[in-house]
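Labels A, B, C, D, E and F are assigned to the chains in the order they are written; within every chain, residues are numbered from 1.
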Amino acid sequence: MNDRFSKGYKTIKQYVTKEEAARMIEADALADVAPDLRKMIIEFAYGDVYSRPGLDAKSRAFVVITAVVTQGVAPQTKTHIKRGLHAGLTQTEIVEALLQLVPYIGFPRVQNALTSFSGVQTSAERS
Amino acid sequence: MNDRFSKGYKTIKQYVTKEEAARMIEADALADVAPDLRKMIIEFAYGDVYSRPGLDAKSRAFVVITAVVTQGVAPQTKTHIKRGLHAGLTQTEIVEALLQLVPYIGFPRVQNALTSFSGVQTSAERS
Amino acid sequence: MNDRFSKGYKTIKQYVTKEEAARMIEADALADVAPDLRKMIIEFAYGDVYSRPGLDAKSRAFVVITAVVTQGVAPQTKTHIKRGLHAGLTQTEIVEALLQLVPYIGFPRVQNALTSFSGVQTSAERS
Amino acid sequence: MNDRFSKGYKTIKQYVTKEEAARMIEADALADVAPDLRKMIIEFAYGDVYSRPGLDAKSRAFVVITAVVTQGVAPQTKTHIKRGLHAGLTQTEIVEALLQLVPYIGFPRVQNALTSFSGVQTSAERS
Amino acid sequence: MNDRFSKGYKTIKQYVTKEEAARMIEADALADVAPDLRKMIIEFAYGDVYSRPGLDAKSRAFVVITAVVTQGVAPQTKTHIKRGLHAGLTQTEIVEALLQLVPYIGFPRVQNALTSFSGVQTSAERS
Amino acid sequence: MNDRFSKGYKTIKQYVTKEEAARMIEADALADVAPDLRKMIIEFAYGDVYSRPGLDAKSRAFVVITAVVTQGVAPQTKTHIKRGLHAGLTQTEIVEALLQLVPYIGFPRVQNALTSFSGVQTSAERS
C-alpha cells in the first residue's frame, strides 16, 4: 500500500461507511476486467484530488453531485448523493442543489436525479 | 414590476454589484431579439429558484459554476465565476472546486474553465 | 391555485389526456422528496413557456422531442413522444423528425429514441 | 454528378439561396483537408435525409436548429437559423422555439443561440 | 440490393459474425416503426464510411467505441465493444483504450463502459 | 521530480517535440491560477495512464482525439491532432478517423474538428 493509496483510502472514509470502504476493495465488481481501475480511483480521485486542502468535504460533494447529474450518469448520481449525505449534507441541501440546476440544465436531468434521490431514501429506510 | 421580478432582482444583488444589476436590465444585449429572456431569467432563475430557502448563496454558486463548466459553455463559465466571487467564494475555493472536477469530467473542460478564471482575475486587476 | 399554475394546467391539456393531467398532480412520484418540482414544471414550463403565443403546439412538441433525444434522456423521450402524438403530430412526422436528426447527432441516440417510440406504440396497442 | 448528389443539391436550395448553394461547392473551405466531406453532406444529409417525404421543410428546420442548439455547436447554430429563415420560418417562430428550450436545456445554451440569432439579424441588415 | 447496400453488408462482416449480419436484416427490431433505419445504417455507416480506404478496421473500431463511450450511450457501447473484438482488437487493447479515456472524460463513463465490457465477457463465456 | 512526474515527462515526448515538452513546464499559462494542474496532467495523464503497457501510442492518440472531438472541446482538438501527428499518425489516418465519426456523432462536431485540423496544417506549413 503506497502513500497515495492510503491517503485516498483514508479520505474516502469521509464519504462512505467503514464497511463500504472495505467492500470497495474486497468486492470490486470490475476486478476481473480492469483490476487497476479501483486503485486508480482511490489513488488519483481520493488520494490526489479529494484530499487537497482549501475546500471542505461538503463543498466537494456538491461539486461532484452536480457534475454527475449534469452529465446524466445514473448509477454515479445515486452513489454520490449517498456519499454527500455521509459527508454531512442534509437532504434539504441536496434537493435544493438539484432544484438550483433547473435553470442551467433543464428539468429532465434534475427530475432523473430526484428519482435517484428518492431511491436512496427508500433503500435507507429499508435498512 | 411584479413580485417575482422584484424578488429576483433583490436576489441577484447577492451575486453581482448594484451597478451590474442595473446594467443587466438597462443594457440587455438581447432586448431586440428576445425582449422576454432577461425577465424570464430574473423572475424564474433568481426570483423562483436562487431565492429559495434551504441552501446558502455560496453553495448555490458552487452548483451553478459546476453545471456550466461541465456543459462547457464558455461565456457563462466566466460570468458565474465572477458571481461566485461576489457571493463570497474565495479564489482558492473556486480553483479547488474546478480541480475536484478532473476525475469526473476530465482535464479539457477544467483547463478551459481555469483559463476563463484566469481571464476574470486579469480583468479584475486591470479595473 | 395561482394564475401561472392554472394557465400551465390548462396548457398541459393540449399535450396529455385530462386523466393524465389530473394524475400528474394527484400521484406525483416525487412529491415526498421534492414537493415543489411538479408545481415548478406546471407554472414555469407550461404556464410561462409552452403557453406563449407565436408558435403552435405541434412545433413546440417537435422542439421538445428533439431536445430530449439529443440529450439522450430516456424516460423523457418516451413522455414527450406521447405528448407530441396527443398534440396532433402523426407517427410519420415523429419518425421523420427522428431520422432527420441522424446527420446531426448520429445513429445511436436516434436508434434509442426509435426504440422508445416503438415502446409507446406497443403500449398504445395494448390499451 | 450521381442521383443522390443532384437530389441533395436540389433539396438544399429550399434552405439556402442559389448563390450560396453554388458557393458551398465551389469554395468549400475544407476541400484540401477532407475533399469528400461536402459531397457526403449533400448526398447523405440533403439527398438521403432532408429530401424524404412525410415532413415539411419548416419542421425539418426546427428539428435541426434544436439539435445544434442543444449540442451547443456555435457556427452550425448560426448556419441553421439562417437556413430556417430561408425555408420559411419567421423570426418570431425561431425565437419562440429557442425560448421553448429553456425548461429542457437551461438558459445558457438558449442565450448563446439567441446571441447567434442576433448576429444573423445584424448581418442581414448590413447586406 | 443496390451497390452501397451490398458494399455495406460486405463491410459489416468484418465487425460481426455471418449469422449476426443476417439477423440484423431479418430480425430488425425497428422494422415496424422505421423500416428505412437499418438500410440507412448499412448503406451510409457501413457502405459509405466504414468501407473507405485509408484506415484499418481495428482503428475504426477504436474510434467508434470511444465515441459511444464518450456520449454515454449504453446499448451501443456493448454492441461496438463486441464488434471491436470481432474486428481483431484484444480484450487488453479495449480495456487500455477505456482507461486512456479517464483523464479526458472522467471516471463515471469509463466505469459504465467497463461494466458493459464485463457483461460482454460474461455472455461470451456462457455461449 | 518524483517518479510519476519523470515517467510522465518521458512519455509526453512521444507526443510533442522536446522543445514543446520543456515549454509546457516553463511557460505554463495557468501557473498563477492553478499551479498544480500541469503537474497533475503530467503525473496522472502521462505518468499513470499514457505510459501503461498494452496499447501503442498511435491507438492512444486515436482514442484521445476521438474523445475531445466528441465532447466538442476546441483548443484540445487542435492540441491532440498535433500530438497524434507527432506520435506517428498520418494526415490521412486522422481525417479518416474524423469521417468515421460522422455516423456516430453527426456532421457538426466532425466539421469543426476538420476546421481545427485545417488550422494545424496551415500553421505547420508556415513554420
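The working rule: contacts are C-beta pairs under 8 Å (C-beta built on N, C-alpha and C of every residue); 3 or more make two chains touch, one makes a residue touch a chain.
This structure is a prediction, so every number in the text was calculated from the model and none was measured.
Could you tell me which chains make contact with subunit A and subunit D both?
Shared contacts of subunit A and subunit D: B, C, E, F.
Along the graph of touching chains, what's the shortest path length in steps from subunit B to subunit D?
1
When I count C-beta pairs in contact, which pair ends up with more: A-B or A-F?
It is A-B, judged by the count of C-beta pairs in contact.
Averaged over CA atoms, how far is the centre of subunit E from the centre of subunit F? Could you give it in whole Å?
Comparing mean C-alpha positions, subunit F is 25 Å from subunit E.
Indicate the whole-number Å distance between the mean C-alpha point of subunit B and the mean C-alpha point of subunit E.
Inter-chain centre distance comes to 41 Å.
Taking each chain's centre as its mean C-alpha position, how far apart are subunit C and subunit E in Å?
Whole-Å distance between the two chain centres: 31.
Give the residues of subunit A touching no fewer than two other chains, as numbers and ranges.
40-41, 44-45, 52, 67-68, 71-72, 95, 99, 102-108
Looking at the complex, which residues from subunit E come into contact with subunit C?
29-30, 32-34, 36-37, 40-41, 45, 67-68, 71-73, 75-76
For a test of understanding, state which residues of subunit C touch subunit E in their complex under the given definition.
72, 91, 95, 98-99, 102, 106-112, 114-115, 117-118, 121
Name, in rising order, each residue of subunit D that touches subunit A in their complex.
Touch residues, subunit D against subunit A: 102-108.
Across the complex, what residues on subunit C touch subunit B?
Within the complex, subunit C contacts subunit B at residues 40, 44, 48.
Once bound in the complex, which stretches of subunit F touch subunit E?
Result: residues 41, 44-45, 49-50, 52, 54-55, 59-60, 62-64, 66-68, 70-71, 92-93, 95-97, 99-105 of subunit F touch subunit E.
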